[in-house]
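Letters A, B, C and D name the chains as they come in the text, with residue numbers starting at 1 for each one.
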Amino acid sequence: MSDILKVENVTLQFGGVKAITDISFNVKEGEICAVIGPNGAGKSSMLNVINGVYLPQIGTVTYDGVERQSINPRDAAIAGMARTFQNIALFQGMNVLENIMTGRNLFMKSTWLEQGLNIGRAREEERVNRLAVEKVIKFLQIESIRKTPVSKLPYGLQKRVELGRALVAEPKILLLDEPMAGMNLEEKADMSCFILEINKEQGITTVMIEHDMGVVMDISDHVVVLDYGKKIGDGSPSEVMANQDVIDAYLGVSH
Amino acid sequence: MATIPGLVLSHNNNHPDAVALRYKQLGIWNSYSWSDYLAEVTSSTNALKSLSIGKGSVVAVYGNNVPKLIFSISAIQALGGIVVPIHPESTSSELKKILSDSKTEILIAEDQQQVDTFLGIESECSVNKVIYLDGRGMATYKNENLNSFDDLIVKSNNASIENDINSINENDTAFYLFDEHEDSLYKVSHAAIINNSSKIITLNTLTEKDSIVSYLPLSIPTNLLFTFVTSLNSGMSLNLPESNQTIEKDIQEIGPTILYAPSFVFKHIITSIAYRIESANEANYNRYMNHYKSLMEIYNKEVSGESSLLDKIKKSWIMLTTFAPAKNVFGLTKIKHAFVSDGVLSKVNFDFFHAIGVEIQHSFGQAASCGCISVQPDHSVSSENAGKAMTGCEIKINDDSEVCFKTDCSAENLAGSNNSNDGWVNSGYVGKLDDVGNIVIDGRLEDMITLKSGKKFSPENIENLISCSPFVKAAVILGNNQDSVSAIVVIDPNSVNSWADRKNIRYTGYTELASKEEVKDLVKEHISCVNDSLESSLKVKRFVVLHRTLVMNEGEVSKTMEVMRKKIAINLKDVLTAIETNKDNCKVDDIDQLSYELDINKI
Amino acid sequence: MDWVYLIEVLVGGLMSGVMYSLVAIGFVLIYKSSGIFNFAQGTMLLFASLTFVKMTENGIDFWTSLFIAAGIMVIFGVVTERYVIRPLANQDLLALFMATVGLATFQEGFSQFIWDSDVHGLQMSKFLDIGLLDPAPIFMSDHVPWLDILIPKFDIFASLVAGSLIVVLAFFFQKTKTGLSLRAVSDDHMAAMAVGIPLQTVWAVVWAVTGIIALVAGLLWAERVSVSFTLIEAVMKALPVILIGGLTSIPGAIVGGLVIGVGEKLGEIYLADVFGGQGIELWFAYFMALMFLVFRPQGMFGEKLIERV
Amino acid sequence: MIYRETGNFVTNYFKDREIFPLKFDKVVVILGLLYLFLYVPTTSEYFLSAHVIPILAVGLATVGLNILTGLTGQLSLGTAGFMCVGAFGTYNLMLRVPDALMSLPFALLLSGIFAGLVGVIFGLPAIRIKGFYLLVSTLAAQYFVWWFFNSYAWFLNYESSGVVAIAPKFYDYWGLGNFLGVDMQGYPARYLLALVICIGLSYFAKNLLRSNTGRNFMSVRDRDIAASVMGISVPKAKLLAFFISCFYCGVAGGIYSFLYIGNVDLMIYEVDRSFTILFMLIIGGLGSISGSWLGAIFVYEFPIIFTWVGDFIFQGAFNTAVVENVSNMVYGVFIIALLIREPGGFAALWATTKQKLRMWPYPH
């Protein structure tokens, strides 16, 4: 299978601090790629570079055959990237349904005038997209909290809603930033199932940052290991597990 | 001449556009008219035809109430097949037992969860094809016996099935129903179960304008009778909730006029009300308590016919300000008949529901009697009995105090074991008949406890009394061959949670909450109250607050939340031994592989 | 346009800039310590100076009035922290801003309700025998022959007061324990709390200090204009100042004040004709700030925000 | 207590989006509309002119500000400036466009569009600057607009007094009044025009709020980075919010001048008014259309009722200064108390009341 995403020699700095140094890796179409590494390894920054929240100083990201030095987040979304955030970025003033509906905004073609008058196309779009959203709600089994304000939901469910919001955009590639952080075992199991199903049954390429090594080894096809902004491992889960640098990084050998 | 698919056909002829079935999916209520219903049954029938289902084929339907599963029941029967409804939460041993006893050939499973359970025991039964309704999560399954129902439907034609339906006989077997307590299957014919439901319909004048929500799996015989068959027979709409988490909200949205519920559901409503009011502010809490007291006083006057106009006004005020909102929340506002099966409500709760205008009608029945042998009439005020035998039924008590019945709508045990003399069937329950012939059920025969003193009693009465507290989810009474009676008490997580919040008790989880001294005192106080109403030899002397709830998946409670003593005796044998040997505490090695320390408290 | 005139304009601008800075410092203090955009700064000015003026009008001597007014402002600051800011501590910044709008409204009504809504003049020279308070301006040509401009003595007085206030504040923040805590709090709330700095006490101190600054600024403004509800508009004037300076920087507030003061005067002189109307002073400061912010959204000395996601 | 939702189920997504899903609500709304359209016009001229019409005008401006601040999270202190554009726009359209081509309702809407465009210009900086820094842009709008109309006398038709009375012929509506035999300059007719516009625009705003546009606005308000990651164009959303909001304010300004006071007066549109409308918004509740109306009614009526109380109970003890000061204190206390106890303002109080009507005495 071909590479859907190529990260080449990316370096990202904030002021004088290097968050990422010269990182390259490829993500194949249809795989689950996990990016792992200790805290502060630059994982989230990597994701932010991929979908254009941060602009790298050096390096390019090739997505879907187009090589770019930078992309803005909106264009990334239009090109079929969707993502979730490490510290849940749901819209706190809205309920679950509305939050997931925002994920469909690129499918809404009617003008604000039509929407304000609630006529024709606007009304119909609201119905059609609601249907798409409802399918995701069913998929994630969150029917019972459909109209609950997200601010009232427990953490685990918020993560699930955020996944729903990304998923409903019908992305080609899904970027998940610590989808299982702070969850209990049962919630982790559910989330793993959802991610696997999204990947295997809907064929959506997934790039995921995750701390839980058990989960990573279980569900990912490909693992990239970062440490202090540098890549120290890249390969299948078993290869990575055998890599001495990775073991050192995780067991905390002094640098 | 009536058969299950025949009823569908006749409704289609009489009122094709009336709503037959509503189910919530993707956030909205979709409805099927009778003609849609027939069309769905037709396509399912044609699909199943391709699997060469014919007269006498046994097909299991395994899952929650989703429309496809409901349609396939009629479809199987239209081909002369026999339907075995299986509870979606069945343990694999139960599933194996049902499948092999019934010699099921084809299994229609709802989704991955059911398919997985089945695949675990695939080699041990005679099923040769599995049809699933929802293929989610099974894309990688390689088993060639797995088929998607949708694929079958696409491949099949859409021929009329009127001839198929007309060629089946009402005396053909329609269902094999599983009785959890007896651990055996019963053969139920179309005529038997339909006639039985007709009795309920005439007795309560149910019409096609009524509506009912079926939120429990149809494998529960009483549920099958009261919801599925009764709605088909009377033509009322059958409503299916969106998922198991949304039942409460869905019932509220529909606002059914008829409610069928095993007793645990009403118990749950009581607990939920308590849990809500426990977290109300002081003033509202106190007013609720006062209103509750006045309401019950007025109700008692009403029953004895002494209520004055002032009482009526007062009651309307109390209803408007305190109890109508509760009815609204649980969707009980429009209820005309509420049938209770599988256990009776304690007097307090029974009276409460009657007082707020939800007319509870106890019924008694099981698989052997096609779900119902007796039902209380409307406006009955006694909480103890389960009504008189319905027309065509007779009830007597044999020498062992066991309830025996005879009915024209009987079901035959597949193993043929309890078909006793002259058509009298032993129900497996002990009970008595009161002066006017109402049947009073005490409990299951096999559960009877004999104390060392030789005193024999049914634990269920005491269990009912203990669990009528909103803080108690369940209770198990022990005492066989012992000096005194003991109890294992399971507290209700929700209501005790909010009670604890109110009392500023800190805890991290259920297990810790259950071990709190305050909680033990709460339980102790309640049991002491219960003891006051018990004769001295039956007073509960010791109790244990269990560190977890009872688990249906383990078979510790039945599908209708009755305690299953045999299984509990195995899973919690450490507790039982400790109580038997008069210890003060015990160490439990539990099913989750962890061990817990429990105190045995004395009263 | 000759350049002597230009210098006069510049000096005038600088002087009014000092006045803006005085208001702006109070703003920055509160914003820095708690992230609150204190809209009530203007009404604090009004309240403080009105309290002071009413006392002197009733025959209380200058220093006693000043002392009592300062005391009232401190109490007011502490009460505000306790009953307005603390209960809202977990709300978002917009809510806190709106709370200060409410506070401003309340204070506007309250100060005029307990005192009155009249326009009061303030002449400090009546109380204080300081040469700089003499209404006669300094003729610069007396000192520098070629510099034929007038400088009001009061402007020099105001600058001196402002300057010493800044020195005192700087000392307060650099050398005292409370000052240090405040700097810690402004750097990182959570970290400050973690090392045991009492956040609420620090806030109370900040509100009290801001009250005193408001008193000083109020008196100076009152001397220049008058004591009436128009003082509230001082806050409107100070807005572009702090925004140009960057909300978190006291030097920024000062430089911003000077930039706006000078810019406004220059604009009035050189650009009024271009716009074909007088009184562009009314909006020119905002346009300047706007132009500035479009190129540097965080203000001159403001901290650049890296938004973490 | 009174609300009953049992038996209220939706069978399609249109029904699920209804503004008033419960029958009880529908009945109340229909009765309310009948009251507003049939009874209110027959009340006294005083009631219409001193209470109802001004509330309609400022309420509409509050709805406008709500779209910008409540929905999109962009603070604005320029409301009165945009109202001013609307008032002057309407006046000049009526004055300068031949009568055959222009009538008051169209002039109101057209000048609303002018105001919207002015809003977009002053909203442009919002693309770069965020939060409190944006105050400077809206204040610039407020002061600039005021200065502009003050400086260029052409817009006031060179009226030296600075106030221009509105000619009766502006209420001609192409002779509609003669045709119907109704005095179109009379307060009932003015009221009805204002009412139709306000209800129409409130409905429009409500629709917007529950549509994609409204969700985009709210997502920009709640998390702008997440919004752009979802593919929402943040600049476009902000500018659109400015346009729509200022359109509402412009129409409100037109209504205020033409249907309420009957003259165009610059003094009405000073920055104080922007604040008054901000109070209405905060007290009413950010993000809620009905809340804006409740807030407008409260803030507008309080001084009137307070004066009335003073006249009746204390024999006119309160002069205007006292009334104004007390009103300000009350607004201040209300704003702070609401923010602490119920940040959603009157709208949230109303929602809680409704919830109580359903659930009371149960807390949930």
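As a working rule, a residue touches a chain if its C-beta (ideal position, glycine included) is under 8 Å from a C-beta of that chain, and two chains touch if they have at least 3 such contacts.
Just so we're clear, the structure is a prediction, and the values are computed from it rather than from any experiment.
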### Summary
Neighbours of chain D that also touch chain B are A
## Note on the structure
Note to self: most contacts are between C-D
### Task
Compute the centre of every chain as the mean of its C-alpha atoms, then state which one is farthest from the centre of chain B.
C
### Task
Between chain C and chain D, tell me the centre distance in angstrom, where each centre is the average of that chain's C-alpha atoms.
33
### Message
Nearest whole angstrom, what separates the Cα centre of chain A from the Cα centre of chain D?
### Response
41
### Task
Give, as an integer number of Å, the spacing between the C-alpha centres of chain C and chain B.
73
### Query
What whole-number Å value describes the gap between the mean CA coordinates of chain A and chain B?
43
### Summary
chain D touches at least 2 other chains through residues 12-13, 16, 225-226
### Query
So which stretches of chain C touch two or more other chains?
309
### Query
For chain B, which residues are shared contacts with two or more other chains?
27
#### Entry: For the chain D and chain B complex, residues of the former touching the latter
1, 3-13, 15-16, 358-364
### Message
Per the contact definition, I'd like the list of chain A residues that touch chain B in the complex.
### Response
130-131, 134-135, 137-139, 141, 143-144, 146, 193, 197, 200-201
### Message
If we count contacts the way the header does, which residues on chain B are in touch with chain A in the complex?
### Response
25-27, 136-137, 139-140, 242-243, 245-246, 249
### Summary
Touching chain D in the complex, chain C uses residues 37, 84, 87-88, 91, 93-95, 97-99, 101-110, 112-113, 116-117, 236, 239-240, 243, 247, 275-280, 282-283, 286-287, 289-290, 293-294, 297, 299, 307, 309
### Query
For chain D, which residues are in contact with chain C within the complex?
73, 75, 125, 128-133, 135-137, 139-140, 143-144, 146-148, 150-152, 225-226, 271, 275, 278-279, 282, 321-322, 324-336, 339-340, 343
